[in-house]
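To keep things simple, chains are lettered A, B, C and D as they appear, and every chain counts its residues starting from 1.
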Amino acid sequence: MKRQIPLALVFIFGWLMLALYFIPLEGAQKVNENMLDWTSIIGIFALALGIWSLITVNLDRIKHKKRDWQYSFITLFGLFGMIIFGLKFGGENSMFQGQESYMFRHFFNDILIPIYSTMFSLLAFFIASAAYRAFRARSALASILLIGAIIVMIRFFPFVAEYTRPVADWILNVPNLAAKRAIWMGVGLGIVATGLKVILGIERAYMGRD
Amino acid sequence: MNPVMELGDYLWMTFAAFLTLATFSFLYKDNPLYKIAEHLVVGVSAGYFVIILYYGSLKTQLVEKLYDGQMVYLIPLILGVLMWTRFSKKLAWVSRYPIAIYIGIATGLAIPLEMQTKVTEQLQAMMVELHWGNLFDGGLLNYTNSFASLIIIIGSLAALIYFYFSKEHKGWFGGVATVGIWTLMLGFGASFGFTVMARISLLINRVQFLDQWRITSVGSAHQEGSGSYTAVYILILVGIFGLLAFDLIRTKGKTDTDLT
Amino acid sequence: MTLQSRTSRNAFWPGFRLAVYGMMFGIVFSSSAVLSQEATAEVDNASTMLAPMLAPAAPGNVTVEDAPNDAGHAVIVTFSQSQAPADGQALVLGYEIYRSLARSGPWKKVGAVPSDVDVTASLIYKDAGGSDKSSDDYLPTETDLFYRVRAVTADSTLYSDSEVSAPAQAVGQWWNSGRNPVFFFVLFFTLLTLYFLRVAKQRGDSLYIRPLAGIDAVDEAIGRATEMGKPILYVLGLGTASDIATIASFTILGRVARKVAEYQTDVIVPCYDPIVFTIAQETVRTGYMDAGRPDAYRDDQVYFVTQAQFAYVAAVNGTILRDRPATNIYLGKFYAESLILAETGAIAGSIQIAGTDEIAQLPFFVVACDYTLIGEELYAASAYLGREPLLLGALKAQDYAKAVIVVLAILGVIMSGLGYEGFAKAFEAVG
Amino acid sequence: MSNNSNKGFFDRVMLLDRRWVFLVLAVVVVSTYYIPMNVPVPASREVQTIFDAIEGLEEGQKILLAIDYDPNALAELHPMTYVIMEQCFRKKVGVIITSLSQNGPGMAEQAILDIVDSTALPKTYNGVSYPGREIVNGVDYAFLGYRAYFELVITGMGQNFRTFFSRDYYDVLLDSLPIMKDVQNYDDIEMVIDISGSNVVDAWIKYAAARYDVKLALGLTGVMTADYYPYLGSGRVFGLMGGLLGAAEYERLADNPGLAMDGMKVQVWAHLTIIAFIIIANIGYFGSHKKRGL
């Protein structure tokens, strides 16, 4: 009941979806679409569990005055603020204009967007520090990595571009493509093998045990 | 301040600029400003998703369809509600049912799809890769000639052999696997080098944003009297960078692993 | 204003030309009186632009057949193009496809195809309609459909229609034969896996597998964390529970949790996806139970952060810098955040083990982490860690499949080189 | 190694606090952003050919500039539009502008307004001084706008521009525009430059270049570029600009540094900084190993 039925469900739905891939019939495709809807609906319900976790972890921090507990107020404020500003009811004259509301728009544009893009742009610094730390000709493999990166980086430099550009383009289009293709095929087989193990109930760590 | 912009909008923009700098400050070390930005963005983004998923997905994918009389959608509704049994320690195991269905659907979907896009399509592409023409057509570095396609085929097969698990990488087999890992590393290096440009662009965009904020604050260089403001701005920049450098020199000998 | 002819054909049919212009500008005049004066002045000039005044030859041989391997809302229309223009005939720009439920109409325009330079070539148009009855592009299934093709020219008054096609029906199919290659690959691989599972059951764990540095590092890393008295950070990535990479990562998380519990140290798992979060909680709890320390497990070890990529990264970064985990393990799906996490981890001095099947992120993990599981190695990791015979058996099947692929690829290259294109074609999945 | 005072120069380089890397990169990016300078981005052959082709045009000749991109490709492609448009206006070459991507007309109009402004001022490019002049819609350029079914539109323009564009973007009859006076179809223009971030470019190659033998050059986003090099080899297109880099190369050739060059000067210096750090790291690595006799 606690374990056998779920494993049976994985088995049944797994083979069903696998079969539907090969059946173009209208009814089959309707079922297919329906199932995809199911997964996203389950995901939405699960979000409640996630949000509950976020709230309890932060309340717990405040309650026990754990390290940096003061900042948990900010998280909770942001969470509830955004939810309240995003609510929509009461018609045109109500305070709750949902995603069109002044606060919701500004929270999105002036809090989320700048922090997202700044986090993203940290990559410029990290790509530099990673290169500094890792691109040392310690071994043959490290040297190849280093050479590949440097040639591509100087592909458009003044004075050298005439020579480096064609080499860089060649590396990007030949060995790089070969590497990608090999990884793809390996990953493809790995996914199918893992998928089969899941359907057959061999790989079931996700299920827990009781 | 630029008269075109309303005070409220300007304050929001200033706040955005502050959050930008607060996020950057993380590079130097963990600090209260970063903590503010971090905790704020976690809360706001989580709230954002609650709203988006409720109004965007739940309403259109479930509620409206149920109202529409599509009773088959009672099933995902029940499955979704079953997820909530996790709130109770005793009934938590019931949530395995929806999870099992979810994983079953996802797995059954992935198997043929991945087999097609990652295996058969790639295999087929490799079979027709080689042009049986002049080996060095258009020069050694022309990546559309037969030589290039030959290298692609050899490289990808060797790299595939590198992923062999149940055979020791020794002898000729080890040799082929070595060619494989070299191909992988050269490809990785090239991808890394190629990405640098896009990442620097992201940084330039942030610098542009901060500059935009400066212009909004003090007016552009064409405006009268803005020259001295610009000088102040440059001085502030030099000051910040100088202070950071000074602090780094002061704490020398300590590597960054023991910061904070 | 010079009245220079653009093409030699301009010299013909001057009278007809003016007549057409009269018609064209008649419309213009009536619609905009203000422009009329200007337009009159332009008539001379404008009249140089359209010379051929005869309708083009009609397209022919319109045949319609059901589109294969679909749900039954599409047909394929094939027709031969209009013949090359004779003197005075307008050049065909393209063909408009019309559909009707009856031979006599009414006709509905469903699409257009540009003409081909080679007029002897037949053209193909796939009329793929919607399956929703209420939608505008609905194409009824198992109903007689008639088609007509119109050759259109630069002048909207000059066109010619083909004969109406014989009726055809759109029918749904039971089997997508275009995906046969995929089917046979999946079937072959499933049988191979089942066979090796049997072998593995009989032979136990005597199957050889080559060492993977990244896997061996996991045990060492847990030991190191215990010595240092610091936690282990396990990041499942940005994948959802429907990504197989994440599912593979759960298995590894289970093992890590068990080891961690045995060594009496801590594991922290911040989660991005709510379903992944619930499963991770269950997995870690089970790991602690397997180690015989169920009470050591706390619910706040595995927690949900947020579903936004960079907000999630901001939070994990904070955790790395403040909790200073001895080891960071990143296994699953990763995107741009890969390098942000890995470099922050390096700043904190953690040992880092990464693995993903996202090709674009592998270079960054390889550069910034101590150990990286590349692509397929991530999927093999669970077998390596558990050493369960069944999981090892599946690994063996993967290896044989790779060997088959290598042989097929070489064979395919040779065959297509010898001109047997059908060989490679046989592996092509359509649709 | 653990004793700080014992560390030699090379060891210290090896253990350099990574925040120095961050700081130096930040200083380089911010200062190069503000300091005006001209980075000699060397032009590749396929960009040079486009520049030479436009430079070789006479006053009164015409080109077609196809602006087929949406706002998401703006950063890479807008600079190309700007520099080519300005070059044409300065040389009094007529520009016929179409936009077959749905959100393209907005992009095109913005570019036109900006360049009309900047051409009003006198400037010197490559040693040639141009007086400022007023650019007149319908005389110096025609903006035809957007039409659906881009494949048919491109084929149709081979017959006559008026087939699909009887009126321009501003709803003015094409026949009333002086610039369109003697222009019927592709035969009457010198070349087509397609600046594209979508599959419209395929139609230009297939229906304009292949069918009507139009002289075609492309400006593409960085990720698209590699896929279109084969057309360069086969001669179907005579020039190709790829991404920000291609745009910057063109700006340099045109001696008209703009947005792309602004980006590239920072890029070049940032790349140089990273490479310098890699070199320093390797010197440190080999130095410290040599000392220890490894």
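Rule of thumb we're sticking to: a residue touches a chain if its C-beta (ideal position, glycine included) is under 8 Å from a C-beta of that chain, and two chains touch if they have at least 3 such contacts.
Keep in mind that this is a model prediction, so the values were computed, not measured.
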| item | value |
| --- | --- |
| Contacts common to chain C and chain D (chain labels) | A, B |
| Chain whose mean Cα position lies farthest from chain C | D |
| Most contacted chain pair (by C-beta pair count) | A-B |
| Euclidean distance of C-alpha centroids - chain A vs chain B, Å | 8 |
| Cα-centroid distance, chain B relative to chain C, in whole angstrom | 19 |
| Distance from the mean Cα position of chain D to that of chain B, given in whole angstrom | 26 |
| Whole-Å gap separating chain A and chain D, where each centre is the average of the chain's CA atoms | 33 |
| Residues of chain B whose C-beta touches two or more other chains | 23, 26-27, 35, 37-38, 41-46, 48-49, 83, 86, 99, 102-103, 105-107, 109-112, 114-115, 119, 123, 126, 153, 157, 160, 163, 184-185, 187-189, 191-192, 195-196, 200, 203, 256 |
| Touching two or more other chains - residue numbers and ranges from chain C | 179, 182-183, 186, 189, 241-242, 244, 247, 275, 278-279, 282, 305-308, 310-311, 314, 322, 346-347, 362, 364, 366-367, 374-376, 380, 395, 398, 402, 405 |
| Multi-chain contact sites of chain D, meaning residues that touch two or more partners | 18, 22, 26, 29, 245, 270-271, 274 |
| Interface residues, chain A side, partner chain C - complex | 18, 21-26, 29, 39, 42-43, 46-51, 53-54, 56-57, 60, 67-68, 112, 115-117, 119-120, 122-123, 126-127, 129-131, 133-135, 145, 180, 183-187, 189-198, 200, 202-203, 205-209 |
| Complex interface listing, chain D residues touching chain C | 18, 149, 151-152, 155-156, 159-160, 162-163, 173, 175-176, 181-182, 184-185, 187-188, 207, 210-211 |
| Chain B - residues contacting chain A, complex | 12-13, 15-17, 19-20, 23-24, 26-27, 35-51, 53-55, 57-58, 61-62, 72-73, 75-77, 79-81, 83-84, 86-87, 93, 96-115, 117-119, 122-123, 125-126, 139, 141, 143, 148, 151-160, 162-163, 180-196, 199-200, 202-203, 205-206, 209 |
| Of chain A, residues touching chain D in the complex | 124-125, 127-129, 131-133, 135-138, 146, 150, 153-154, 156-159, 161-162, 165, 169, 172-173 |
| Interface residues, chain D side, partner chain A - complex | 16, 18, 21-22, 25-26, 29, 39-42, 44, 226, 245, 264, 268, 270-275, 277-278, 280-282, 285-286 |
